[in-house]
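The two complexes that follow have chain A in common; it is paired with chain B in the first and with chain C in the second.
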Partner chain A sequence: MFKYIVKRVLIGFITLFILATATFFLMKITPGSPFSAEKYKSPEALAAAKAKYNLDKPIMEQYVLYMSDLAHGDLGESMVHQGNTVWYYIKHGFPVTARLGVVAFILSVFGGISLGAAAALSKKKWINNLCMIVATIGVSVPSFLIAMLLIIVFGVELKWLPFVGLTKPANYILPAISLSLYPIAMIARLTRSSLLEVMKQDYIILARSKGTPYKKVVIKHALKNAMLPVITYCGPMFAFLLTGSFVIENAFSIPGIGKTFITCVTDRDYTVIMGVTIFLGIIIITFNLLSDILSAMIDPRIKLK
Partner chain B sequence: MEENKNFEITPDLFERLDDSDKNAEKIAYESKTYFQDAWSRFKQNKLALAGLCFLAIMVVCCIVIPMVSPYSYDAQNMAVASQNPTLAHPMGTDRFGRDILVRVMCGGRISLSVGVIAALIALVVGVIYGGISGYVGGKVDMVMMRIVDCMYSIPDTLYVILIVVVFEPSMFSILLGISISSWMGMSRQVRAQVLTLKEQEFSLAAFVLGASPKRILFKHLIINSMGPIIVQFTMLVPAAIFSEATLGYLGIGLSVPQASWGTLANDAKGLVATRPLECMWPILAICLTMLALNFIGDGLGDALDPKKK
Partner chain C sequence: MAMLEVNHLSTEFKTENGAVKAVRDVSFKVEKGEVLGIVGESGSGKSQTMFSIMGLLSGNGEVTEGDIKIDGKDISPKNYSPKDYESLMSSIRGNDMAMIFQDPMTFLNPVLKIGTQLIEPILNHNDVSKQEAEARAIELMRKVGIPSPETRLNQYPFEFSGGMRQRIIIAIALACNPKIIIADEPTTALDVTIQAQVLDLIAHLKDEIDSGIIMITHDLGVVASICDRINIMYGGKVVESGTADEIFYDPKHPYTIGLLSCISNPEEKEKKELHPIPGSPPDLLNIENYCPFADRCEKAMKICKMRMPEEKQYSNTHTCSCWLSHPLAQGKGE
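Here is the complex of A and B:
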C-alpha cells in the first residue's frame, strides 16, 4: 500500500513537471506580446518591462528561473496589470469557483446515485426510462447549452430564478444544475450498472434469505459495495467541475478562476495563464491521486501495481 | 455359407432418396460478413436508426442549403435586421439582417467537419501509438502508457485553450488542439485490443509464416480490432464538436464572419434576454446533432460488440 502511494505521488509530480515545462515553452513560442499597450511607446520602458520579467535573458535561463520560483511557490506577477501577483488572481477567483464546485459536487453525487439506484431497483418501467433519458441528455448536450436553455426558460421567460453573478443562495441553483448535469449522468450510469451487478451477488441473496429488510439490504450491503466505480470517478469529476466551470462562469457572469483565465487568454497575460494552468493542474492531479488511493484502500480486490 | 446367402445385396434393398433431403446440410441463409451482421443488429435499434437519419438529413442540409439559398452567410442587410421567422427567412434574421438559417447551416459545415477531421487525426495517431505500444510490449509499452497516463490526467479544455492561444484561433489550431487532447483514449483502447489479439493463434500463424511485425500489426491485429476502434471513433466525433463549440462559446474560437455552432451560440448569448428565439436555433442544432451522434455511437457499440450486452 505504502509503495503504491509513493509511486502514485511520484507520477503525480512528474506529470506536474511535464505540465509546467510544456506550458512554459508553449507560452514562449506564442507570437504577440502583452507589452503592446500605449505605455510601452518608448524603447526604455519596454526594455525595463522585459528585464522585470526576465525576458531579456536566454530562454534556458528563463526556464530555470521560472522553475525555481515555482518550487518556492512563486507564480510571478501579471504582465498586463502590473503589481498584481498571480496568487492575487487565484485568491480572488478560486474561492468563488470552489464554492460553486462544492455545490455542484454534492448535487452530482446525490442526484447521480439516487437516479442510478432508482433506475436499477425500480420495477416501474417509466422510472427506468426517465433515468436513462436524463443520463443520455446529460452526457450528450454541452453544459453551456443547458445553461442557456435554463437561463431562457427559468430566468428570462418565467423570471423564477436569478442568473447573473453568485451573490445570493438562489443564484447557485441554475449554475450548479448546468454544471452538474454531466457528472449526474455519468454517476447515474455507473451506479446503475454496478448496482445491477452487486444485486446478483451471493451475499445479497444471503442477507435477504436471513430476513434482512429490503431497504436495509439495499443501503447497507448493495449500495455500499456498488460505490467503488463512483469513488474512482470522483477524481476525473473534480477535473471536469473545475474546467467545466470556465464555461458556466462565462454564461452566468460569475467572477471565478475560469473567467479570470479566459480574460487572461484574450489579454495574452502569459504569467497568469501559466500560473493558473499549473495551479489547476496541481489541484486536479491531487484529486485524481486521492480518489485512486481511496478506492485502493476501500477495495482490497484492486491489484496494486 | 447359409448366412452369406442372406446378405446378398440386391438393388431392391436400396431406396432412392427424396431430392429435398439432399439439402439438409446446406446452410439456408447466405453467410453474412461481420459488417452485414452488425448492420442487421444496428437496424433493430430504432433510436440509433433515427439518429442516423437525422444526421444524414443534417449533413445534406448543411451542404445544400447554403448553395441554393439566395443569401450568403455574411451578407448584411439592415433593412431586414432582427426579424422573426418569415417565409423569406425561415429562422428569421440576426441584428445585421443576415439569414439565420444559412448561418446555422454554414456553422454546421464547420462544426461537423471539425468533428470528423479531428476525430480522424486522433484515430490515426491513437491507432499507431496504441498498436505499437501493445505489440512491442515490455519497457516500451510501460513508458508509452505512462506518457498517456500523464496526458490523460490533465483536462482537455486546458490543452485546447493553450494550443489555440499559441497558434492564434484558426481552423488549424483548433484541429490541432482537439486532436492532441483526444487521441489518448483511442490509444488505450487499441493497446488493450492488440494485447489480447497478439496472444491468439492466428497471430502466431502469421509470425510462423514469416510475416513482418508491421504486417502482423496492421494487417492482422488492427483489422481485427476494427469494431472497438469504430465505436471509439463515433464517440470522438461528438466530443470534438463539443470541444469546438465550447471554444467558440468562450470567444476563443474561429473569428468573424466565419461561424461555427459554438460561435453562433456565443453571438446569441447577449440576446438571451431580448430575443430568445434567435439563440434557440444554434442551440437546437447542436443539441440534436449531439444526441443523434451519441445514439449512433451507442447503437454501433451494441451492434459491433454483441458480447458486451
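Here is the complex of A and C:
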C-alpha cells in the first residue's frame, strides 16, 4: 500500500511536469499579451515590463527559468495586477470555491445514491420512471440554464432565496443545486445500474437464505458492492466540483477560483494561468488517487500495486 | 410428524411469452434425520421446487398452488399477505430451514469477511452477543474441517479455495441447527477430489445432526452414497419416488431406467456401453398436459401423449407415474 502511494505520487509529479510544459508552450503560441496598449503607452515602459518578467529572453530560456522557479515552489506574481502574487489569487479564490464544492459534493452523493437506489429497488414502476426522468434532465440540461432558471424562479420572482455571493448559508442553496444536478444524475444512473446488477448476484440469495431481512440485505450486502463504480466516478467528480465552475460562479457572482481562472486567461496573465492550472492539476491527481485507495479499502480483492 | 411436508406444489414464472410451469404438482415429505435425494437433469424443476419452499424465487416467480409445512407449521405463501410471508420467512430461513448452494465461488459476498458472513445467521436468530456468535462460528468452522478458524475468520472469500468456501457455506447452513437442510447440487462446481471430501463431510454431518436433508443433484452416483429415499423429477414433476434400493434395483419409470444406464461402473468386468437418452427435456413454457417424458420415451404409446399418467403405488415407499404400469398396457414395457 505504502509503496503504491509513493509510486502514484511520483507519477503525479511527472504528470504535473507534462501539464506545466504543455500549458507553458500553448500559452506562448496563443496570440495576445498581458500588457495592454492602454496601460503601456510608451515603448520604453513596455520593454521594461517585458524585461521584468523575462519575456524579452528566448522562449526556451523563459521555460527553464519558470520551471526552476516552480521547482522552488515560487509561482511568481501576476503580470496584469502587479504586486499580487499568484498564490494570493489561489488563497483567496480556492476556499470560496471549495466550500461550495463540498456542499455540492455532499448533495450529489446523497441525492444521487438515494435516487439511484430508489429507482433500482422500488417495486412501483412510476418511482423508477420519475428517478430516471430527473436523471436524464440532470445529464442533458446545461448548468447555466438551470442556474438561470433557479435565479429567476426562486430569486427574482418568488424572492425565497438569495442569489448573489456566498455570504450566508442560504446563499449556498441555489448555486449548490445548479452545480450538483449533473453529478446527481450521473451518480443516480451509476447506482441504479450497478445495484440492479448486484441484486441479481448469488450472494444476495445466500444472504436472504440466512433470514436476513430485505432492507438489511440491501444495506449490508448490496450497497457496498454496488458503490465501487460510484466511487471511481466520485474522485474526479469531487475534484471537478472543487476546482469550480466558471459558469456557476459567474451566474451567482461568486469570487471563486473558476472565475479567477477565466479572467486570467482572457487577460493573458501568464503566471496566473500557469499557477492556477498546476494547482487544479494537483487537486485532480490527488482525488483520483484517493478514490483508488477508497476502492481498495472497500473491495479487498483490489490489490494496489 | 414429518419435518417438511410439501403437497401439490406448483410454481410458475411469468414471462413475456407466457407462464413457464417450472414445478407442477410436486408432493413429498422429509422425516427427521432422513436424506431425500432429488434427481433430475437441468431444467427439471428441482432447484425451483426448493426456492419455492424457501420463498427465494426470483421476481417473476410465484407459487400458484400447494401447501408447505415445516415441523407442522404452515409456510405456504398463499395463506399470508406478501408482507407477513416475508417477515415469517425471515424468521424461518437460516433458522428452521437452511440451504447449501451450488457454486461456492459466487455465493459468498466478496467484500465481507468470512466471519461477518458466518455470524450473520447466528445473530439473526439468537439473542447473543457478537463475541458469543464468533465463538459459535469458530466451533462451526472446526466442525466442517477448516484449520485455524481463528485466523480464517478475519479473511475474505477470495483468500479461500473452492472446497474451503463450500465448507463455509455448509457451516453457514448449520449455524442455527436447522430442521431442514436443502443442499442444491453442493458438489457440482467442485473438483472431483474435493467433491468426495465435501460428500464425506455431508455424510458425516448427517449422522451427527438430526436435521432432515434434501440433496438435489443430477448425479445418481452422489445420491447412491448418502440418500435414504430418492425422488426422480422430470419436466417439473416427480415421476418416480422410492427408497434408494427400490430406485437402483427396481426402477419402474423409463426415465429412471434411462438415467441408470448412463452411470459408468468401473468395477464391472465386462465393458458396458453407456446409453444416453436421446432428445432434450421439454420446454416448460405452455407445456401440454401429458406425460412430459413421452416425446423422448422409447416405449411411448398413444395414450402417453394424450393424458397425464396416474401415480401407481408399488410399495409403501415406491411410487411411479407411467402409463406402462396401467393394466391395459401389460407387456408393452418389456
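Everything that follows uses one rule, which is that the second predicted complex is superposed on the first by the 277 of 305 C-alpha atoms of A that agree within 3 Å, B and C clash if a C-alpha of one lies under 4 Å from a C-alpha of the other, contacts with A are read in each partner's own complex, and residues count from 1 in each chain.
Operating definition for what follows: a contact is a pair of C-beta atoms (placed from the backbone, for glycine too) under 8 Å apart; a residue touches a chain by one contact, two chains touch by 3 or more.
Everything numeric here is computed off the predicted structure, so don't read it as measured data.
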item	value
Clash-or-fit label for the pair chain B, chain C on chain A	fit
Touched partner set for A:I298, first chain B, second chain C, both or neither	second
Which superposed partner A:Q201 touches (first chain B, second chain C, both, neither)	second
First, second, both or neither for A:V247, with chain B first and chain C second	first
First, second, both or neither for A:P213, with chain B first and chain C second	second
Greater chain A contact set [chain C / chain B]	B
Touching partner for A:H221 - first (chain B), second (chain C), both, neither	second
Angular separation of chain B and chain C about chain A, which is computed from CA centres of the superposed model and rounded to the nearest 10 °	70
Chain B versus chain C as contact partner of A:I137, first or second or both or neither	first
First, second, both or neither for A:E61, with chain B first and chain C second	neither
Touching partner for A:D69 - first (chain B), second (chain C), both, neither	neither
Per-pair minimum CA distance [chain C against chain B, superposed on A] in Å	16
Intersection of the chain A residues that touch chain B with those that touch chain C	none
Touching residues (chain side chain A, partner chain B) in the complex	11, 14-15, 18-19, 23, 26-27, 29-32, 136-137, 139-142, 144-145, 148-149, 151-152, 155-157, 239-240, 242-244, 246-247, 250-251, 261-262, 265-266, 268, 273, 277, 280-281, 284-285, 288
Complex contact set, residues of chain A against chain C	201-203, 205-214, 220-221, 224-225, 298-301
Contact footprint of chain A on chain B as seen in their complex	146, 149-150, 153-158, 161-163, 165-166, 168, 238, 242, 245-246, 249-252, 265, 268-269, 272-273, 276, 279-280, 283, 286-287, 290-291, 293-295
Chain C residues within the chain A interface of the complex	54, 56, 86-87, 89-95, 98-99, 101, 103, 106-112, 120-121, 124-125, 156, 158, 169, 172, 175
